[in-house]
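Next up, some structures in structure tokens.
There are two complexes below, and they share chain A, which is joined by chain B in the first and by chain C in the second.
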Partner chain A sequence: MALVLFFPKGRWHVSSRAFVILLPFLVIAAFWVMARYEARTVHDPTHKSYWERNGMVLGILFIVLVALWTLFLVTLPYLYMVVESFHPRLPPMKRFGPEDYLTLEQYKSLFVSPVDKEWNTTHLYAFFYTIVVSSAVTFLNLCICYPLAYFMAQAGSVQQVRLLMLGLIVPYWVNEILRAFSIRLLLAAKGLINQGLMGAGLTDAPIDFLGNNTGMWVGLSYANLLIMMFPLYNAIESLDKNQIEAARDLGAPWWKIHRDVVIPYAKPGIASGCTMVFMLAAGSLAAPLFLGGPNTLWFTAIVYDFFFQAFNWPRGSAYAFLLLAACITFVMIMLRLFKVKLGEAIR
Partner chain B sequence: MSAGVDLDGVTVRFGNFTAVNNANLAIKGGEFFSFLGPSGCGKTTILRTVSGFLDPSAGKVRIAGQDMAGIGPNKRPTALIFQNLALFPLMTVAENIAYGLRVRGIDRVTRRKKAEELLDLIALPGQGDKLVSELSGGQKQRVAIARALAVEPQVLLLDEPLSALDLKLRQHMRNELRLIQQRVGITFIYITHDQGEALTMSDRIAVMSDGVIEQVADGKTVYDKPETAFVASFVGENNPFPGRVSKASADEAVVDTAFGKLKGRNPSGLKTGDKAILFVRPESFKLGKGAEGTTLESPVKNVAFEGNMTHVFLKGAGKKDITLTVGRHGSSKVPDQGEKATVHYTDGLGLVLPEGKMARE
Partner chain C sequence: MSSGFALRVMLGFYVCLFFMYLFGPLVVMGITAFNTPSYPQTIPFEGFTLDWFVKLYNHRQMREGLWNSIIIGIGVVALSVPIGLAASIIMNQIYHRARGLFYLVTVSPLLTPGVIIGISTVIFWKDAFGLTDFTKAVFYKGIILSILGQSSFVAAYCLLIIMARLTRFDRAQEEAALDLGATYPQVFLHVLLPFLRPALLSAAVIAFLSSFENYNTTTFAILADKTLVTVLAGEVRQGTTPALSALAVIIIGLSLLGAVVYEVLKRREERIASEMKERARLAERGETAPELFRPAAATA
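Moving on to the complex of A and B:
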């Protein structure tokens, strides 16, 4: 099989797919070189080299295990998708044949529809809609979580914090889809909230929370609440209480204390939480699918359909990578704007 | 500029625990006033009550005659220097110093100018653009002082600010603090468990124990004329001899102790039969038999030579040794370990106080 990959149809041609198979060996070699380099460059006599620390057998085992784990379970599947996205969609029989060439047409198809050669407005709209809604959800979560995290980290008593933590975590023991459906039940036309509103006489007809996308917003925010909560809590929790009191003692009202002392200190945590929530919201499937309105086209759902409905893996991967690239670019720009170093945000 | 601080029956309770019990004090404007006591005696609680972070459960705090009830820490004419200084790590030195002015909406140029002035005052000229992390311990200390002074408080509150420094620096900063206080002329309220700091810097000292103010006086009075057994045992070294008063007059009393009848001053007017403790300072003992005064004997347990003086430890009645300090050029020979030593003191240097709680060793 490997030989076929290396030399398809007897030609001396290393296909792009073979490159993926070769990579683990290259990385193992790189590890090896790094270990040799360390042994040669460190002159501290008390410093034990990698091989002295672990011995030859264990040393090799560690390298091979780490390399295999990162490569086969993490990197390779992605790399396979990358490679796939640069190929045309072909039935299995025609793979490695003359029609199997490297192409950018899958990437182009997001912008120009391959069917009618017009602008692919439906998908482009979904693409930007996803990014805009995800950033709005991120901001919303930040607004919800910052006061909560501050309360838990600095203001609340041990008892209150424990209770709050429990209330936050326990719902996450429930399956994500089940949670989405329970929100749906709450927000449905004859759901609890509409019945309550009508019972109180606030509205005559039920409000279409699901159709107007309220459900999607609630679902997206709630699914990622803890992801925002914990980095924020961690960051604020390590802030010395005396700093807050010092600012207060120097005459600062509460909002200036937050502006000048707490938020600058918690900035890495805020950046980390926002990055993760944004990435996860943009990639989420359940909430937009179950809670979104009938006309809402979520980009991840389109990718999902390419993979599992149309069996068009190349185009699905191309779309997924375009979304990934756009999200990473967006995050980078935001980090730069708020002057956070990447290292701080992924701490 | 400077304001007095009055505590009228201030009591602070946390649940069932009474941290400060009925504190009555009048701290004068421009005074360097110290609260001295072991940890957990309630001195920090008093400071936080004056600065406004805590509300008294009963009683009133008045600053410059004005009742402070309901006035938050950001509205009081006080500035607090924290034990760990609590400088803002993400701001430069100048930004730290000028922060109090910034929240008051004072413009950048004025702020910068004021920061430069204060940097001169604390002898760190031109260091405003450094980060706090680039400063040494003593420099951080001074920046904290400058930051507090920038808001021109009428009362500066200091919560053991020197405790994190090493010995040499601590002694240096004592002088510096005293100088700064004299230069700016505002009221300093200083919290410490270190009697050396309290005695060297303060105009007056309040000695506290278990939430109660035991004595308020200047340093010399607190040392020479302690009013309670706690103050006598906490401030400076002291040798307690507990017993019962066997003979008493207005000036003097004789206490029947494990070492026989010992005589001392009787400022609290104890009567015959009262339980009492007689205190003698280590430096009040002289070696040998005195022509007058009171003499006692005990075997020598240990001798510690310390350069300018020698500490001699005699076997005491309980666990605690009797210590005496012998100067370099005394006439008598310092006894050796195991020998029986005879020591005496002038009666005026013994002090008879009613039995009471003692400072923990």
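Moving on to the complex of A and C:
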């Protein structure tokens, strides 16, 4: 009803966008009603209201800032992108016109190519390839980082840990593009590794590391190595050393200590590291663009092309939303698998 | 004993391997910045040169990009640190039922690929600013969209950093100041902000750096403009030149410097904090703490 009031001419195609703009405000209203109800029914004499705690000026300022962020920088753009993905591709003049109806064609196009009506194997393959490779890179980085994180958190002396930390922080701030560039210098046809291999007589012609996707794998792992390291280290660091001592005194072998004491305790760190690495790997642009060969397929790069080469924003939005859905699914699986709450995983 | 020794050797080997993986590519790249051939090569080292730094300095687009990057970085700090502060204060006070949703909404940008943040920012603001010709002409610009897009997730970093300190704040201080007749803004300025100062500073630094480094969001949000990182990406895509290695050397040098300065500042802060605690402890015991402690502090 409300939407009809907003758009009395029955232009439902426009109102889908308006509805999405209204949605967060409806949620806020619902929570406000709930809060009022709770304040009225629960009598707590020590309780002070928001205004009593912050004063009028600051109270309003805080709310305005947070509303600006959560509404205009986070929720509304996301929702708007989702709505955009349910619209056809139109020239700017025809947007908001009668041809601007809701449609599923952008999502269908991932499965059935709109050009030749055949199965869209390229994009489907790229989608699953991206997810599988990102998961594999996540697992790889977990395996690479776990021993060092454990050593720094539990076994190393204070000086050692400080030095190692410094060694970790410095490369962390070298940006993604330059790190991809450095890997490319190593793996290129004229790069150091090929020089070494040919110098040692192992191969006659340079191996095409970039064309066979080795470069992309290495780049993805390399770029996200420290994203895995810090949450792991933080989680293991707070484990009481006495627990490990006790397990050792009771005769547990080292692998049992890790399996039954350290890893269960470090679960939030593992979940948080895995979540971040997966998300960054799946959403990565630099590694596939700069370290892939001409035949490298990466879903994010396809999305990128829809925006910058095909100028098909609705289809790009639909693909972006599918990527987001895949990331959310992965996060949910990780949280469920490790029985960790979201608040524990991201701190 | 011998198995312990073997384990230690293996561990040392592993740590070496790890840091070789971490630093190896950077070192190789660093060497190419000083080598003469125009294809960035490490071996053979044909001659020492600083030409690539000069080339880098004369790269007009990169200088323009750097300028834009700095403006965007300042904008992001100015927007996201206050937002993070306000959000952490509200998060601390909010009802438990709404808290879950609030938390989910505020950390969701951290779980969203940067590409998607960039895309959604452009799509939304293109229509929002496009409502009138005036707003479109004034606000629909790469720099402004980049600030908006980056702030959406940088504010979440700030929230988490400030939150971590805010949870240790003793509300009694605030209550006491209020009871003594201070106004709310006075309490905020003279009690809460000084307490949060270290967290605010590190939030600002992290915000600037993550804005400066960002590629995935910016490449969409910057529209037709350029930042240092997008220029860099274009260069890497086109080909390879040792001038890029030179830039990397500068960045590594700066972050090394930054890390050292940070370490020194942190140590000083820790020392001051422990001195304060010690002083408070002595004062509580009724000993004449300040007089006893000051000479020791001066010599330390």
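Criterion: the second predicted complex is superposed on the first by the 289 of 347 C-alpha atoms of A that agree within 3 Å, B and C clash if a C-alpha of one lies under 4 Å from a C-alpha of the other, contacts with A are read in each partner's own complex, and residues count from 1 in each chain.
In this section, a residue touches a chain if its C-beta (ideal position, glycine included) is under 8 Å from a C-beta of that chain, and two chains touch if they have at least 3 such contacts.
If you're wondering where the values come from, they're calculated on a predicted model, not measured in any experiment.
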| item | value |
| --- | --- |
| Touching partner for A:V161 - first (chain B), second (chain C), both, neither | neither |
| Which superposed partner A:L285 touches (first chain B, second chain C, both, neither) | second |
| Greater residue coverage of chain A in the superposed arrangement, chain B or chain C | C |
| Touched partner set for A:G251, first chain B, second chain C, both or neither | first |
| A:T275 touches, of chain B and chain C: first, second, both or neither? | second |
| Chain B versus chain C as contact partner of A:M198, first or second or both or neither | neither |
| Chain B versus chain C as contact partner of A:D240, first or second or both or neither | first |
| Contacts of A:P264 with chain B and chain C, given as first, second, both or neither | first |
| Partner chain(s) touched by A:V112 [first = chain B, second = chain C, both, neither] | neither |
| Which of chain B and chain C A:L23 touches, first, second, both or neither | neither |
| Common ground on chain A, meaning residues reached by chain C in one complex and by chain B in the other | none |
| Complex interface listing, chain A residues touching chain C | 17, 27, 31, 34-35, 38, 50, 53-58, 61-63, 65-66, 68-70, 72-78, 80-81, 84, 144, 147-148, 151, 162, 164, 166-186, 188, 190, 192, 195, 222, 225, 254, 275-276, 279-280, 282-286, 289-290, 300, 303-304, 307, 313, 316-317, 320-321, 323-324, 327-328, 331, 342-343, 346-347 |
| Chain B residues within the chain A interface of the complex | 51-53, 72-75, 78-80, 82-84, 86-90, 99-100, 102-104, 147-148, 151 |
| Of all residues in chain C, those that touch chain A in their complex | 7, 11, 14-15, 18-19, 21-26, 28-29, 32, 39-43, 82-83, 86-87, 89-90, 93, 95, 97-98, 101-117, 119-121, 123-125, 127, 148-149, 151-152, 155, 160, 164, 183-185, 188, 209, 212-213, 215-216, 219-220, 229, 232-233, 236-237, 240, 244-245, 247-248, 251-252, 255-256, 258-259, 263 |
| Sites on chain A touched by chain B in the complex | 240, 242-243, 245-253, 256, 260-261, 264-265 |
